[in-house]
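Okay, so chain A shows up in both of these, paired with chain B first and chain C after.
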Partner chain A sequence: MSTTSPSRWTAIGKEAGRAALALVIALIVALVVILLTSTEPAKAFATLMTGPLSSNRTIGLWIDDVAKLTLTGLAFSLVFQARQFSMGVQGQVYMGGLFAALVAMSPLGGTAFAIPLAMIAAMIAGAAYGIIPGYAKAKFGASEIVSSLMLNYIAILIVNFLVRAYLAPAGSGQLATQKFPDAAIFPSIIPGTRFDLGIVIALVTVVIVWFLLYRTAWGLKLRLVGHNPKFAEYSGIRANAIMVSAMTASGAIGGLLGAVFVEGRAFGNLSVDFDGNLAFEGILIAIVARSRPLAVPIVALFYGYLRQGAQLMGLRTDVPSEMIGVVQAIIILLVASSFSLPGKKALGRLFGRERSPAAAMPGEAK
Partner chain B sequence: MAPLLQAVSVGKTYPGGTVANDGVNLSVMAGEVHAVVGENGAGKSTLMKILFGMEQPDRGELLLDGKPVRFANPREAIDSGIGMVFQHFSLVPSFSVYENIVLGSEPKAGIKFDRAKAIAAVRELSERFRLNVDPLPPVGQLPVGQQQRVEILKALYRDARILILDEPTAVLAPQEVAELFVAVRSLVEQGRTVIFIAHKLPEVLEISDRITVMRAGRTVGEVMAKDVTEQSLATLMVGREVALRVDRAKREGELVCEVKALKIVGENGATLAQDLNLKVHGGEILGLVGVEGNGQAELLEAVAGLRPIADGVAYLNAESLGRMSVLQRRAKGLASIPEDRIAQGLATGASVAENLVATKLADPRFVRHGLLDLKAIKAHAEKLIEQFSIRVGGPKFAVGTLSGGNMQKVVVARELAEQPKLLLVNQPTRGVDLGATQFIWRSITDARDGGAAVLLSSADLSELLALSDRLVVFYRGRIVAAFINSEELSAETLGTYMLGLAQQEPETMRAALR
Partner chain C sequence: MIELLLTVFSATFFVTVIRTTTPLLFATLGGLISDLSGALNVALEGIMLIAALTAVIVSAYAPWYVAVLAAMAAGALLGSLMAFFHLRLKADIILVGFAVNILASGGTVFALSMATGGDKGTSINLVSKAVPGVDLSFLKAIPAIGPTLSQLLSGHSILSWLGALTVFLIWYFLYRTPYGLWLCGVGEYPAAPEAAGIAVGKVRAWSLIASGALVGIGGAQLAMFNYIGFTRDMTAGRGFIALGAVLLGARHPVGAMLAALLFGVFEALSIVMPNLFNWIPSEMIQTIPFVVTILALVLFSYRAQRARQLKTLSKP
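The block that comes next holds the complex of A and B.
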C-alpha cells in the first residue's frame, strides 16, 4: 500500500460517508425514541452523547468495549473475507474463556506465565472449535451458518454447566468462579478503570490480521477464495483447505477474545453467560468495516461509544433499557440495508441524486 | 409506411458513469426482420432491455405505432405485444414444454388448469409458425435448439407482434440455425416482426431485411441487407478495416499430450464423455468441435485437473496427469484459458495484479517464506499490462471494472505470460469485440509457434476453422469424427457430425487422429 490509487481514497471516503450517514440516522431515531419514552429527553440524549466521556471509569468501560468489539469484528472479518458465513465467534469466545480460566485457576495462575499461557490456551481452544464447522463444510457440505450457530449453544451451555457444577466455589450457589489470582488478571493502563491490556492485545491483533491478509500468500489465497472459489480452484489454490484455515484462524481470534473477557478487569473470573451477546456484534462491525481489518478498530471506536452511551442512558435516566436495543437494532438495519440494492436505491432517492452514482460503482461490492 | 417500433435518440447512462446508449435511433417496420449488429459493448443489449422494459431510458423516447410509450417493466412490454428470447433461457427444466409455454397465462376450466386446452393451443401455435416441438416431454430433456423454440413459442403464446431474439444462433449448430431461420421467415410471412441481435455477419446478411449498426453506444448506420457485404458491414461495425486471418502452423513438434480411453463421469454418476482418444503435438492447434454439452468442455476440465478422470489416462510429455494437483500440472507447463472468465477465469473483485499472480503463488519470484513480494507482483502486472495492452488504470484496479475484452486479456496474459507446453483454450473470444479477438487469436498462435500444443474448444465454428490445424468432433461424449483442416472443410460438414447425422469411417478418423 505504498502507492495508493486515487480510486481507493474515494472508496474509503464513500464508505466512511455511508457509515456516518447510518450513524446520523440512528441518532435521529434514538432522539425520537427518547422523546417518546422519556420525561426528561434533554438529559437522556445528553447522556447518550456524552456519557462515555463523563469520567475515567466510563472511558474505561468504553475502551474495554472497543477492545472486545475490535477482536470480534476481526474474527468475523477474517471469515467474511473468505466468504464463509461462520457465526461461531460466540462459541469460540466461550471455549477460549473456559480454557483461559482453567489456566488461570491452575497452579500456573499465580505465576508470571499466567497471562500469556492463558491466552495461548484460549486461542488453541478457539481454533479447535473453529475447525469443526469448517471441516464439516469441507467434508460433508454442512452449511457453516447452521453448524456454527448450533456449536455456539453447545459451548455456552457446556461452560455454564461447568461453572455451576464444578468451577464455582462449592456450595456457594454462585454463578461464577472466584476471582483469579492477580497475576492472571490484565494490568490496567489507567488505574482503577477497565482501560487495560485488552486494548493493546486488540490493536496488535489488528496489525497481525492485516499483515496476514494483505502481505502473505495465505491471505491472498484466502481473499481469492472469498472473491471466487471456482477461480481459486482453477488457479491451483486448494479452496477447501483455505476455507478451513480461515475458520481456524478466526476461531483463534475468538478464543483470544474469550481470554480478554475472563482475564480483563471487567471480570477477572469465569461466569455464566459472560459475553452478553457482544460477540455477535462483531458481525455489525465487520459489515460496516467491509471486513477491512484496519477499519475494524475505527468502527469499533464509534460503535462502542454509542453502545456505552446507550447503556449509561439506560442506567442513569428513565429511558427503558429495551429501547437501547431498539436503537442498536436500527443501526444494524440501516447499515445492512445500504448493502442490498433496493435499500441503496431507496437511500439514493431519499438523499438526492448526488449519492447514487457513487453508491453503485462496480467492482467494490464487498 | 410508418415504422411499427421506433426508438428516438435514446440515451442510457448506468450508475457509475458507463454510457451504454448515447443517441440511439432504431426504426423497425412491420413485417420485417431487422438485425441489430455491433461489437460487444456497442450497446445492443441495453437497447433491447429498454425496448423490453427491463431498463428505463434516461433520454429519448420509444414510439409504438407512432405513439409514445414507456414500459416500466417487461410485463407492460409483453402486454403491448413485444416478446423477447434471451440468450440464456428462462425455462423450468422439470416442467413439460406446454407447461412452460403457458406458465403464468394458463387456460382455465373453472379454477382448474385446462391441460388439454393448453396442449392444443401449443400444438396449434407450433404448426402455424413451423416451430416443431412436442408439447409433452420435460424441457430439460430437449436439445438447446428445441428449448429455444419453446422460448419463442412462449412469446408467441402471449401474442407477441414484435419478437426480439438476442443472439439466437450463438448456441446452435449450423443445421439448427437453418431451422431457426425457416421459423423466422414463417413468422414474418404471418405478419410478425423480428428484431435479431447478432454478431455473426454471414447469418445477419442471410436472414435480415434491414440492419442497424451500433458502435460505442451510438447507431452508426442503417442499411438494407442486400446493399452490403460482410466486409463493408464489418468495417462499419468496427470503424476501421479488419482482417481476421490466421497463419497455419509452420512446423510440427513432438507429441505433447495424449489422451487414451478417457472416461469422465459427472457428480451424479452420469457418463459425460467416454472412449476419448487423441494426440496433440507441439506447435499445432487441435480444435474440439461440438454442440455445447457434448463432452469437449469436460475433457478440457479433466486435463486441467478440475474434474476427476473416471477411467483412462491423460499424458503430458509422457507423464500421467491423473494424480497431479492443478499446481503440479501448471508447473509442468500446462496453461488454461477457461470457458467463462467471470465465473472461473478471474476474481473480479480482486485487483489486476492479484489476478495475474493467482496461479503463481508457489513461485519464489512472488512468494518467499509465505510472504508476498508486492514489488515483484506489481512489476509483473505492469509488464503484462503493457505487453498485452490491457486497458486499465493500473495494477491495483479491480478486474471487474474492465470491459469484457480487457478482462479476457487479463486471463490470456496470465496464462501466456510464460510459454506453455500445453495450452487449453475454451471459448477464447466469447463476448469479446473484434479488436480484442484479433489480439487473442494472435496470442494463441504465438503460443503455438513457440511450441505449445493447443486444445481449442469454441462454440464459434468459424473460429475453430480459422485457428485449428486438425479438428475432432464430439457427439454425446464421444469423438465421432476427425479432420485435417483444409479449405474444403466447411462448417456444414462439421455440423452434420456435431448433430450425429453422419458417421465417419474408422480408418478416415484414425488417419486424422494420428
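The block that comes next holds the complex of A and C.
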C-alpha cells in the first residue's frame, strides 16, 4: 500500500492484462476441445459465450452464481493472504447451510428474525468449523491442507445423512427438506428471477473484508504473517493467533455462504450435495484476484459468466458442462505462473538455459 | 462386537485390507518421493483419478498390462506438467496441484462422457479388464500352515505384490544410491546440492514425474481391481488421505507403507461394517477414514513437535 497511485494502477493493469490473456488462451483451448468433440461446435461455443445473456432468467442465474462465487472467493482470499492453504470452505458452507436451515425450520423461521438469525447461526457454525484446522496447526503443527480437506468430506457426509434421515419429510424418500417459510427465504430484487438478497450480502462482505484487511491493525498483522512469518514473529506479532483468527474469519464467510445457499431463491431448502462444487471454485477466484478482496467480485463476475455459459452449453448442446474444468485448470496454471506470451522471453524460458533452480523454493506451508 | 472381531481376524478381511491399501500405498509412495524433493504434491487425488480413467479406457481396447502402463504414463505426464509449471514458470506447487485436481474432477467426467457416448456417471458401457490376481493355491501343500497361508496370500492383485516390492526399491533408492541422497538433499537444503553441481531443478522435476507414475499405478489398481470400471469421483479423497499418510509415515518408505496400511484397515472396516451393523447409517461409516486421518495427523504432528522441542532443549 506504500506504492504511489500511478504505479499501483499500472500494477493492477498488468495483473488484469495477464488474467485476460490467461482467459483468452483458456477459451482458445476450450474452442479446440469443442471442435474436436462436438457435432455442432458452432452452437456449443456460441452457447458458452452468449448463453447467460439469453434471458432474464439466465441473467438471474448468473448473478446468483456471482454472489456465491464472490463469497467463496473472499473466504479463500482471507486465508491465502495469511499464506494458509486451508481448503475447508466447502465444509464450512455445509455446516453453515445446516445451521441456517435449522433456524429456518424452527418456529423462528416464520418470523422477521429468520433471515438475520439464520445468517448469524450459519456464520458461527462456519467459524467453529474453520477453527479446527487452524487450531490443529497452531497447537500441534498438523498440516492444514490435509485436515481441512478431510473436514470437507466429513461435513458433506454429516449434512447428507441428517437431511436423508431426519430433516427430509418423513417417509417421502426425498433428499431435501421442505421449502422454508417465506420469511426465511431471501426476498428477490427483480421478481421472477434469482436476483435476490445474496448479491447484496456478497458486496457488503467484500467491503467488510477489504476494510478488515487494509484498514485495521489485525489486517496488517495478518498480511505481515502471510508475507514473512518470521519477521512478523520477531516484531512481536503472535503469528499463530493471527493464523487461527484468519481461518476463523474465513470460516464465518464460508458459513455465511452456506446461509446464502439454502436461504437463496435458488433453493429455499436444504438438500444433499447442494453446493454443486461451487464452494471449491473460490480457489480459482482467489488466485486470479491475487487474494485482493476488491478484485474478487470482478473476477467472480467474469468467471460466473463462464460457469453459467458452460452449464447452459451442457443443457442445450452435446458438450458436457464439465468441459469447463479444463478451462479452470488452464486459467489457474497460467495466472499462478509467471508466463508471458507471446515473445522471446517465453520462448527463451521454454528452450533456453536452466534458470537458477534454487530460486524455486518449495511452496510448502509447513 | 464379537462378530466384528471375528470378521477383523478372518483371512478374508486381511485380503480386503491388502486390496484397499494398495491404491493408498502407491499414492503415498508417490507423495513421499515428491515431498522428499521439496515439492508437496497435493495433486495425488487428481492424478489418481485421471490415471484410473486412462486405465479403464485403455483396458477396453488393450491387454491389462498396457492399461497399467498407460495409467503410469498418464500420471508421469501430469507430473511433468506440474514440474514444468512449478519449476520453469515459477508457479506455486500447491496451486499447480489444485489446478490438476480441478482438471481431473471436471476433465474425467468430460472424457468419460466422450468415451462412453454420453454417460457421465460410470463406464458401465465400456467393457474394461481387471488386473489378474496371483494364484498361490499351491501353498496348500505345505503341512499345518498351508491352507491358512494360501488363504492369506493367494488372490492378491499383481499390483499389490508390486507395491510391496516398490517399498523396498524406494527404500534402496533413497538410502543406498547417490541419487537418493541427491533427492533428499534437494528437499532438505537446495543450496548445498546446487553448490555441489547437482541440477536441483532436474532432480525435483524427475521426482515429480516419478511421483505421478507411482500414483498412476494406484489409479490403475483402483479401477482395475478394487472396482472394475470407472465411476465419477471414484478416488473419493484417497489422494488426500495419502497426503496425510506421507506426513504420518515420518517421510520414510516403510513408515509410508505402515501409514497406508493403517488407513487401508479403516477403509476395509468401512466396507465390512455395513453388513454387521446395519443400524449405523452408511454416511457415518463412510466418515471413518477421514476422521481417522485427522486424528492420526494431529496425534503424529503433536508427537513430532514434542520430539523437535525436546531436541532443541537438549542442545546447549
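The rule we apply is simple: the second predicted complex is superposed on the first by the 320 of 366 C-alpha atoms of A that agree within 3 Å, B and C clash if a C-alpha of one lies under 4 Å from a C-alpha of the other, contacts with A are read in each partner's own complex, and residues count from 1 in each chain.
What we mean here is this: contacts are C-beta pairs under 8 Å (C-beta built on N, C-alpha and C of every residue); 3 or more make two chains touch, one makes a residue touch a chain.
Predicted model, so just to flag it, every value in this text is computed and none were measured.
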Which of chain B and chain C A:20 touches, first, second, both or neither: neither
Contacts of A:207 with chain B and chain C, given as first, second, both or neither: neither
First, second, both or neither for A:28, with chain B first and chain C second: neither
First (chain B), second (chain C), both or neither touched by A:326: second
Which of chain B and chain C A:165 touches, first, second, both or neither: second
Which of chain B and chain C A:147 touches, first, second, both or neither: second
Which superposed partner A:227 touches (first chain B, second chain C, both, neither): first
Residue contacts with chain A in the superposition, chain B compared against chain C: C
Common ground on chain A, meaning residues reached by chain C in one complex and by chain B in the other: 357, 359-365
For the chain A and chain C complex, residues of the former touching the latter: 37, 85, 87, 136, 139-143, 145-147, 149-151, 153-154, 157-158, 160-161, 164-165, 277, 280-281, 283-284, 287, 318, 320, 322-326, 328-329, 332-333, 336-339, 349-350, 354-355, 357-365
Interfacial residue positions of chain B with respect to chain A in the complex: 14-17, 304-306, 325-327, 329-330, 336, 338, 343-350, 354, 357-359, 361-362, 367, 370-372, 374, 393-394, 396-401
Chain B contact footprint on chain A (complex, rising order): 2-3, 5, 7-8, 214-221, 223-224, 227-228, 230-238, 356-357, 359-366
Touch list for chain C against partner chain A, complex: 38-40, 42, 85-96, 98-100, 102-107, 109-110, 113-114, 118, 120, 187, 190-191, 194, 199-202, 204, 236-237, 240-241, 243-244, 247, 281, 283-284, 286-287, 290-291, 293-294, 297-298, 301-302, 304-305
